Structure formats: structure tokens, C-alpha cells
Amino acid sequence: MVAKITYYLAIMLIIGVIIGLVIGINIPRGVAPTETITVTVTTTVPQPTVGPLSIAVIYVTPIEEPWNKALHMAMMWAQENLGIKYTYVEKISEADVDRVIRSYVDAGYRIIFPHSWGYWSTTIRVASEFPNILFCQGSGPTDQPWPNNVVLYDYYIQDAAYLAGYVAGLITQTNKVGVITAFPVADVNNLVNAFIKGAKDANPKVTPYIIYIESWFDPTKAKAAALSLIAEGVDVIYSERFGVEYAADEHYKSTGKRVYVVGNIVNQNEAAPDVVIGSVVWDLRPFVSYIITNYMAGTLKGGIINWTMKEGWSRFVWNFKLLEKGVIPPEVFTKVSIIEQKLITGEIKVEQVWEDPRKIWLTGT
Amino acid sequence: MKVFFKIIKWREKLGVLNVLASILAVGIGMAILVLSLYMCQINISLGLQTIYAGSLGRYNSISETLLRATILALISYGLIISFTAGVWNIGAEGQYIMGAIASTIVCLTLGNILGYFLIPLAMIISVIIGAAWALIPGLLLVKLNINEVLTTLMMNYIAQYILSWLVTGPLQDKTSMFPESPYIPKQAFLPRIIPIYRLNYVSLILLILLAPLIHIVLGKTWFGLSLKILGSSKRTARYAGINVNRTIIISIVISGALAGLAGALEIMGVQYKLRPGIVQGYGYTGIVITLVGNLHPYGALLASVLMASLINGISETCQLFQIPIGLAQILQGIFLITVISLRFLFRFLIEKYSKVYGE
Amino acid sequence: MSKMEIPFLVYLFKDAIWLMTPLFFAAISEMLVEKSGVLNLSLEGIMLISAFTAFAITLQFQNPYLGFLIGSLSGILINIFFYVLFQLIGISQTLAGLSLTIFASGLTFFLFRMMIGYAISPTPPLLKNTIGELAIPYLSDLPFIGIIFFRQNLFAYLLIPLLFFFYIIDNSQIGLKIKTIGEEPAMADSLGIDVYKYRLILIIIQGFLCGAAGSILTTSIYNTFLDNITAGLGFIAITMVILGGWNPIKTFISCFLFGFIYALQFRIQMLGFTWLPYQFTLSLPYVATIIFLVLFGRRYKPPSSLGKTYKRIK
Amino acid sequence: MANSDDKILLQTINISKTYPGGIRALDKVSFELKEGEIHALLGENGAGKTTLIKILSGILHPDEGKILYNGVEVAFKNPLDAMSLGIGVVHQHPLLIPNFNVYENLKLYATIIRQRLKIEELTNLLKIFKVEKSVLDKKIADLPSSIRQKIEILKVLLFKPKVLFLDEPTSALTPIEVEELFNILKDLKEEKKSIVFVTHKIKEALKISDRITILRRGKKIATLENKGNLQEDVLATLIVGDTTLKAVSEKVEGLPRNASDEHVLVVEDLHARDDLGIYRLKGFNMKLRRGEILAIVGVAGNGQKELVECLTGLRRFDKGNIRYFNSIYTHIVDFCDVVRKYKVSYITDDRIHTGIARDLDFLTNIMLRDICIEGRGIFIDKKYFVKRAKEMIAKYDIKAPHEKILVNQLSGGNIQKLIVARELEVKPSIIIAEQPTQGLDVKTTIFVRSLLLSAKGDTSILLITYDLEEALSLADRIIIMYDGKNVAEHSSKDIDLKRLSLEMLSGVT
């Protein structure tokens, strides 16, 4: 048996060597791909629209994902109120984005939003090629040489997350606060850290629980993870990823006990009005409007957008239904409102902490 | 219908009809495409123009389409070999993933040591790993007589989980937000034909050279003949003195090797890093291409270019006219169903209506 | 930890049962069909299409039970199409199944987008009325057991009757005939067992159950439809059948184990075992199946004519 | 003892059956079975015994003729109809599902005939058959064939059929077990059951039966009362027939008859088992001389299949050796190697499933044998094969319009011509021909035989056939094979037909 496997492996080795050598070595090596060559591209695609400013957004996943939805909603709003033409395409893999951007450029789109981290290197390359076109890159490394026609933005909504954490710290009964999140990476850590810090500031006895579902969008996994947190006695969960609402809602309907959920990125209060206490909302409308008006006026500069609550970049949106019903005590609301004011005026500043929250908060427990 | 039977009598060749089936299937697929454009209220000529522009109408589109076609064709070439031998290797997807993983690891670990030998070495290793991944179901089939469809299918998922683990664990780029590996070193980038477009020499050469090579192997060598006989009947193959087990293993290993090579091309020529996004269902699209291409390398070549054009062109149409993406996949399914239905239908008609000689 | 141990296990089991429900619906139906010699790889496609149908109908008529029913019926429709492809046209079952799956995954997303279009609601289009958890009075108040077994989804209560039903079928005279068809279709046919009829009936039953599995996803578990909502569940179901060695009880157990592993992965994280990548636990069913096939190849032998379409010789 | 005025239970009147392909398996056979008798059905292979059983049990439908049961005409649509009348059949090849255990198989049979499985009777029968009860849980595939055969008989007896057909039930049983079976059958006869006992073994027929019907080539020859006065040799002549004698004189004359003494293929003391692990070859010896036709004659199932499989490397043998020319093989790993070295050709008897690749074209099929002979090179010389194909079509009178036609569009006779032509065209030094004319029409049969005869000389031919006439008309020497051994050898010049048939049918020398 072993001898035979070795024999097969040898055959494979030979095949591999032959193919590799024949192809790999004898080929003239071209110029390694460079990032700064500009070419003129002939357009064969007829312009689909004439007139208003056309903006194209490229999403990596279906628009149902909150990260996409936030921008999608802002764009839909802009289309109605600012008179732009908005087109989007979803489910574009990182390998294809190059082609997609080029075809949008060819079709006459002036502003392009590659709305995913995975697109950043392509954006740098293509943006250098088309200096006349504005690229708004949704998240990317801050230490890269971004061309002048790129605006880099990311969901730096840590102050709203801090506020949500504060709420959680105030209303938790069991002193157990959970977070369902995607991956332990910088941008996500930023939010998780802010949330836990908020909770600890409000209530130092709080124990945080963090679960990574290792996926950007997987509601079942998030739901199953949330159920495990609920079983553990956690009574406020920050749904950094979508799907926790279902679990809490189900739990409420079957047992009558409320496990509060904080939505993230978009207003998820409607997903389960009985249990969602409020949402950390990434409101991109001011941003989109800022981009469009400045672009029209010719005053837009590339760079990294680092806005806070003050600019309307992030908000904590209460679920007023719960407030009206008195489920959330009014004193919590007033307390939080004071903190919110302090955040807006800059009295309290929430630092961006990129480190793994498990290392910061879970040590010693 | 009568004319059709006349055609059968005129030419008792299944081959011609199989080609006809492929053409008809493509035609039906196109008709459905047009129909769906119409249903989405898009000017049909404008829509078709956009599909053309997105697939072959611009330099960049040509480059992208051919690039995709090379990877699909490579997988398909391998599948031709195993399908001809009657081994239903559904696991090209997994073999492709393993090839991609192998080449990434080689490029990342040995990138700075090897210089010019990096590309060939990475390719060799990914070919070997792809082949080894295919060898497992092959051995299970030969030694324990376990259905290869089930095992290859399961191996796909295992490969996918290995990929997912590697990009969130050992291979992950620590500075990245996403589960992905760092970029492979520059010297591992496959040399491009025109520097700003991603189409590279290696892919193009493989696309063009392998088709006649496979054709010669299948049509003109004794090995190809034994594959065909094995695919027709195992008993006949045994009767003819063919070592059935060895031939099965070799066929599935070759298909795995080529799928692994496709994975390497995807990493070194397209993505330049390992990420879950390399999994795009190419293994399954490869099956579609193999069958639409009538188990013939030139057919596969054409079909892969056609399929890549459709994927790119439809994607462009979708993005410009705001049609839901997914149309390309629907067409794939329709191609597959129609082409095999028609082939079986033709075969049935031939067996039923054509003359039997000697009675 | 010690104080929490019991609820921890209780909810672990509860979640395992919750997670295995759609899986078992799909797996048990596949088991019987495979016993009759049909390898249906279109499970994933059927589940996708019925999930979408159930979602669309529920959204339209605001009645999850109607949605569930029509979704399940749509499963029958697709499966009959599958039957036509392999039995009447003569396509190999493997290819027919795979092409249906490819087709369905494109079609459902396409239709979903056509239907929902530019939705600007911040959350995915949620179903207001769903088939939710159903606590059984009195019994659900029992300690531990009440939570595990009597505070479940409506469909989870159907698991045991379903298993019971299939166990009886499996051990009945009809089951024997089905197995004969799967082993020696020609012999079965010569003994007067109508192979075509039996396979068609089984395909219809499977269509319904698989459609139910898909409908459960949208009307009871997710409350919405998403792209690729099944996420490979159909193929996992096929794996479960093999792992269960074509035995209803073992299939049940392996489905439960899958649900258990799935539910466990988060708790493992919560308890701080971060060194164990979740991919290992999730790929476990596949790896285990292959290992079992290698080690106990004889016992895990599929029905002899699995995947081979029977044609009566005139 | 049954009397002539006993009631006739089952009767056929002028039953005929022609298989697709033109083989007339039954030709106006009238047969009657009385109540409470054991009726033996004797005949060679292909005499039509099994076909008759299959028709009477509803598996096959007769082309013409009537079946009467209790004097009423019946038409069986499927086996169920026959079973419901109380007809039970023990088939030659047990109709048991290999992956089911014994109990499941019995249960299945009970389900099909819509009766309940009675446990006490089952235990009782198991005791009578001396089968342990633990066998019930074992898979059929794991059981030795003698127990399988017993299970098959038991399965039928369990449900107390009125009429019992036993098709070669003793082929897998030891002599002691045969005795036991006979005792059971006699007991059944006492219970007024009617039994049809199909066999080709004269001794068994004489021992057990009340009456004997002899079939030859689809025709009923005679029905004899067995009152202990029948002679074996008389029966043997009746079974084999006189026509075979005529065949000897028809043999093509003028071809080289005397071969050299050089042995090209020698088989010594060959022992081999079948798929179930039963020894089928028990010390077989044979020597094939250069330039002769050596026929191995025997009733099917005496090890011929296994012999051919051993010779062509499809089966491993446990003991003994095979010598091709100067090379001695204790097992043949790679038949291809033998073919390449010594140009060995092999004409299989399963021409549709094994002899050709059905989906491929004519041209590909004529290259089949060359895979071994030339296949160690890389490329195929297609032009050469196209030329050869065209020549073959002309030379062997194969009715194919062109060489690219699909083989499954050819008729059975044409396919056989293709196979013979292909195997002859490689200019072999040895041809192993397994029933080369089975199922062919008269014209093609003569053509194929003449091809084999004309190839003789340069080529040595090992002819394995169940057809004595064919052996007599072709062979220079004849070896009689019985029970895995060579029992006798004759030169075709001095044939004592009676002795020959006796040896063939009962292994007596």
C-alpha cells in the first residue's frame, strides 16, 4: 500500500515537474505588475444615463448585510434628495472588482464606492490610473499611500458603541453582557472595546462575554451563538453581527423574559421591537451628502474620514417603543442622554482601541 | 421530425449529434438570456451590446474573460480525462482549493529564497497537492469500492474548511481586517502580457497548449484509448487487458493535478493572496463546461471562453442595468440540463430509430 | 462554572435539537430514497427553492403555515422534475442533481432580488408571522427536561414521530421491498415490485420532506430569506445519511451530533478554548464519514444500485 | 409410485419460445406433471430446461402454446401469478439478495407471496436442513454457496407450494447433502406434492424421479417411466442425440490435422475457487500442441469459466501452474504481458458486455486487442487501423457501412464476426475461444467455424464449448471436463459417442 502510494506520488511528481518546468521557466518574464501606468480606455458601452451625477457602489455581499445596508440606505436617500443617479452591484468577489470598477468608469460613473476592505489594493491601483474619478473606499489600512482621489472611510462608530455599552451596563440584571461579533480584527475590536468600556464605566461589576462567529454575515450562526449566550445568563447582547435579534425575540416569546439586544450599523429596532433596546447606527447620509456637495463644488479632498458623533456620523438610536412601555426606566434614558451630550461636545472622548478585546477584558476572569 | 430521422440515417454518428446538442443547449441558454433581459425591461440590443462589451469588447474585458476562461478550462481539461474514464470526479472544487493553498504556502515561505524557480516550484507543489487530494477518493474507489461521487463531494467541504482555517489562522495577514493571507511576493506574480491587465503568459499558454495536448492524448494514444474503453465498460477494459485500477487512479489523479494547477494560477495570476473569495464554484462550472464541451478539449476550450464571457458579460449587464446577479448561474444550470438532456435524447433516438446492420 | 453547569448542558441540548431539525427532515428523506437506489444530490437546490417559495408565500399572505405548505409542495415539484430528468430522459442522477442545485442557487437569488428589489428597510425583509417556539403546557415547566424537550419549535416535536415513522417503514414489508429495489432492481421488478412506482412515490415523499426542511429555514428559523440560505445543509444531510449507515436511528444520532457540535462551537469559545478552530469541529462530519467509510467499508456499504437508474429491458 | 391414472396437475401444450437474437429455446414442447410425482427434466445445456421452468413460473412468457393448471388455462403475467397458484421455484442461481441477511430474504419472499413467515416452521426446516439458527442474521454474501442453495430451497419449501420446481438444485451441494435433499423430496412426495427436478446428471435423475422427460435443443425427445430399468447409456444417447454423429463426418477435410509435439500452452494441476470461495477447479491438466484445435467439452458449471479466467489473468489460482510456451506462471498478474509476448487472443462468450466497448465506434473496437500488443508505445497509428478496418469489413463480410459506425448499431452476429476478426487479425499463436458460436444463426456459425479452422496451423486454438457437436466438428482432440477435472481425452478420429456423453454427463470414465 505504502509502496503504491509512493509510486503514485512519484508519477504525480514527474507530471508536476514536467508541467512546471516546461511552463514556468521558459517563459519570458514580463514586467511585474505596476500600479501607476495610465492608459486611455476606449468606451464601447453606451452611457446608460445622462444628466445627474452617477455614483456606483460595489458590495462584496448581498445588500441585506448591515454593513452594506448602511451605505445603500444613504445612497437611496441621496438619490431621492440630492438628485444623483445611484447604481450598485452586489456579490462581487475581490478578484473581479478590478473589472467592475473599470466598466463603471467606462460607463461614465464619476464617483465609485468600493465598499469592502478586500477591495483596497485594487482601489489604490485603479485610482492612480483614473485621477479624474473619485473613489470612496470603505475601510482599508490607514498606513498605505492613498492617491489624492481616494476618500477612505470606515465604521469608526466607537462613541455610539460606548453609549450602547453604557446602556447595557445600566440595565443588566445579571451583570453579564455579551457581544456577538465577526472576527478579532482592528475595526471590529474598536467597537467591541468601546462597548465593553461603556458597560464597565456604567457598572464596574459587568462581566463581558464575547463570541466570534467567524463570518461577516451569517444570521443562523449569530442566532445559535446568541442562544448559547442567553443560556449562560447574559441579558444584554451587542449584536455586532446581525442575527441575535431572532434569538432574543424567540426567547422572549417562549419564556416572556427579555434579553436586550443592541443592534449595530443600521437601525435594527424593527427586527424585534420587543427586545431590541436600541441600535448603534452608522449614519452615512451626512457623509454621502458631504461627498456629493463638495464634489460638485470642486472642494473635495481625498484622505481619511475620521468623524464622530458630532458630525452625525454615528448615533445611538433608542427603541422608543420600549421606552414608552416603560420597560426601560426613564432614569436610564436621562443618564444616558447626559453622557450622549458630553460625547457630542467632546467632554468625553472614546479612544480607538485596536487590540483584541479578549486580551483586554477577559484576562483574570 | 422526419428530417431529423433522415439526418440520423444520413450520418450514423453520435459525435455530430452531440456537438449539435451542445450548440442547441447554448442556443436555448441564449434564448433564455434574451427572455430574461426582456423580462427585466431592458432594451435587448443594448443588453446584448453590454454583454459583449463586458466580455470581449474591450482590452480589459478580453483579458479578464480569458483569464477566467483559462482557470475554468484547466479544470475542465482534467475533468475530461476522468469523465472519459467514467470516473465522476465532482471534487475539482476541492482539488482547486488545495492547489491554491499549496501555491500560496510555497510562495509565502520560500518567496525570498528561490527567485526564478519560485513559480515553477509553486506550480509543481500545487499540482502534486491537487493530485494527492484526488488520489484519496481514487484509492477509496479502487480499494474499497466506495462511490467516488460521495467522497469527492465531501472532500470539497473538507478543503473549504481547511482554507477557511488557514486564512483565519496560520496564514492570516495580521494587519488585515479580512480573513486573508498576505500578498505573495512580487516575483511569484505570473508575468503579464500587458502589464496593466492581469492576463498572463502562463495561463494563456496553458489554455492554448493543453487543449491539443489533451486531444492527442485522448484521440491518438493507447492510453487515451484505454480511458475510452474503461469509460465505456469496465468489463471490456478488463477483457482487453487494461489495468483497470491503475487507469482509474491515473485518470482521477490527472484531473486533480490540473485542478490544482488551476488553483495555483488563480493565486499567482489573479488574486495574489489566499482568501475565501477564491472559492467561486469553479469546480462545478468546470463540470458544466466539460459536458457542454462534449468531453472534448476543443469543445471545453470554446465552452470555457463562452462561459467566462457570459459570467463577465452578464455581470457587467447586471451592474449597469441593476438586474439581480445570479443570472449567470441560472444559465449554467440551464446549459447543463439542456445539454445532457439533448445528448441522451439523441442517443435514445439513434438507438430506437436507426438501422441495425446485419439483420 | 460549576453553578452554571446544568443550565449550560440543558441549553446545549435544546440548541442541538433546534439546529438538527431541518437537517433531519432532509436527511431522513434522503435515506429512504437512497435505500431505493436513487442518489439525489439536488437536496440543496430543493431546499433553496422551497425556502424561497415558503418565504414568498408567507410574505404575500402573512400565513406561515400556508407558506410552509406551499414551500413543501414546491419541493415535490422540483423533485418530480429531478425524477423526469434521470428516469425519463436518462441523465445520470449525479449530474441531474448537481445541475438542479446550480440552477436553484442562481434562480432563488435572482427571484428574491426581483421580488424585494431596492428594499430600504434597515433589516432584511422579515416575516411578521412565523412558526415559532411552542411551549407545551405543564410539561414545559418540568426542570431541565421541560426546557430541552418541551420548549421547542413546532417542527422539533415532529422529529420523533418522523423518526418513528421512518423506523417503522424501514422495518416493514414496504421497507423490505424498497431495500430490494435498491439492491437488485431487476430482481425486484421480476418479482412484481414496480420499481418505477416505488421510486416515484419515494421521490414525492422526499420532495415534500426536503421542501419542508427548506421551508422550516425561512418560516421558522431565519424568518427571512437570504442568499444561499441553506449554506450546504443539503450536502451535510447527504453526509449524515452515509454516516448513519442508511439506518434511521443512526442517521438521527448523527444529525443530533452535528447539531450538538454546531451548538458546542460557540460554547467552546465562551469557555475560553480558543485554540480549537471552529473549522475543525465543522468539518468533523465529513472527515468522520470518510474515516468511517475507510474503516468500516463493509458496514457502510451503500445500496448496491445507488445512483444507477434502472431501465426495464423489454 | 405414481400411476398413469393420477390427476394431471400442470400441463403445457406446444409451448414455444424464441429469444431475441433468434435462438429458439423451446420448440412445441408439451409436458405434463402429475400430482404427487417427482418428474425429472433431463438435457444438455441449452436444451431448454431452464426456459421451460421460467415459463412455468411466470418469469418468461411463451410465444405460443398453452399452460393448463388443474385443467384450466392460465396465463402468468409475472411470477406472482404463478406463486399465488402454489408454484414454488428453486432457481439454479439462488434469487437471494446478497446484501440482505437470510431472515430478510425470507421475509421478502413472504412479503411478495403475501404470506406470513411462521417461525416454528422455519426452525423446524432449519433443523431438517441441518442449518444453524445463527445463520439467519448473516448476510447472504457472507455464506458459502451450499448454505445459500439450502436457503433457496428452504425459502420455497417454507410456504408449502403445491408444485415445486428445482432447477439444478444439487450443483452446490456435497453428495451427503444431496442425499438429505432427496429424503426431503421423498417426504414431500408423500404429502402429494408435485416436484419437477431439473438436472443434467443422469444418475440423480434415475435415483429420485418417477418419470423422466428428455429435452434436446428445445424439443422434447421422450418421456420415460422410471421403474428402475432404465440404462444410463440409453439415456445419454437420447440426451446427446444422433445428429452429433453426423457432424463428425461433415468436418472440413484437407486441413492439417497432425500437429507438432511442441506444447504451447500447458496447464498443470490447476486449483481455483469461484467468487464464493468454492473450489471449481480441482486439479485440471491440459496440454495444447502447436497448430491443433483442442476442445474442452463439458456441461456448464464444471469449471470452464474459472479455467478461462485463470488463463486470461482475471482470476487467481491457488495451486498448480500455467505455462505459455516457455514461461511458467504460478499466477498471472498481467495478462497483457502474456498477450504481448506470445500473441494470445481471447474470444469471450459474453460478446455484448465484455467483448466490445458498446458506446464506441467500430474502429476503436478493432484496436482493443492491440492495446496489449502495441500499447506499450505511445501513439496509435490511426491510418494503419483505418486500412485494417476496411480490409476486415471486406474480408470477414462484416455488414458495416463504414469504420466509424457505432458498434451497438451492429447485429449480434456481426459483432461476433467483429470479435473473431479482431482476435484473428493480430496473427495470434494461441486463441482461447469460449463458445464462439453461441447464439448465432446457422450461416454465421458455419462462417465462424470455418474461420477458426482456417486459422489452425499457425495458430493453436483452445476451444471451450458446451456444445458437443461443435467440438466434434472442429477439434483435433477433445478433453472432457467434469467437476473441475479433466476426466477423459479423445482424439477426434475415434469417437465413441455413447462413452463421450456418459463421461460428460456423469464423469464416469
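Note that the chains are named A, B, C and D in the order they appear, and that numbering of residues resets to 1 at the start of each chain.
Here, a residue touches a chain if its C-beta (ideal position, glycine included) is under 8 Å from a C-beta of that chain, and two chains touch if they have at least 3 such contacts.
Values in this document were obtained by computation on a predicted structure and should not be read as measured data.
When chain centres are defined as mean Cα coordinates, D lies farthest from subunit B.
Should one ask which of A-B and A-C has more C-beta pairs in contact, the pair is A-B. Our note on geometry: subunit A versus subunit B, Cα centroid distance of 34 Å, whole angstroms.
If each chain is reduced to the centroid of its CA atoms, subunit A and subunit C end up 33 Å from each other. Centroids built from CA atoms put subunit D at 48 Å from subunit C. Here the CA centre of subunit A is 76 Å from the CA centre of subunit D. Residue positions of subunit C touching 2 or more other chains, listed in rising order: 109.
Residue positions of subunit B touching 2 or more other chains: 164, 168, 325. Residues 40, 88, 90, 136, 140, 144-147, 149-151, 153-155, 157-158, 161-162, 164-165, 168-169, 281, 284, 287-288, 291, 324-334, 336-337, 340-341, 344-345, 347-348 of subunit B are the ones that touch subunit C when the two sit in their complex. Those residues of subunit C lying in contact with subunit B across their complex are 39, 41, 85, 89-92, 94-96, 98-100, 102-110, 112-114, 232, 235, 238-239, 242, 277, 279-280, 282-283, 286-287, 289-290, 293-294, 297, 302, 306-307.
Those residues of subunit D lying in contact with subunit B across their complex are 312-314, 334-336, 339, 346, 348, 350, 353-360, 364, 367-372, 374-380, 382, 398-401, 404-406, 408-411, 413-414. By the touch criterion given at the top, residues 4, 7-8, 10-12, 14-15, 18-19, 109, 118-124, 126, 132-133, 135, 151, 221-224, 226-227, 231, 262-263, 266-267, 269-270, 272, 274, 278 of subunit C touch subunit A in their complex.
For subunit A in complex with subunit B, the residues that touch the partner chain are 5, 8-9, 11-13, 15-17, 19-21, 23-25, 27-34, 37, 39, 41-42, 44-46, 48, 56, 58, 60, 87-96, 98-100, 102-104, 106-107, 117-118, 121, 129, 139, 141, 183, 185-188, 214.
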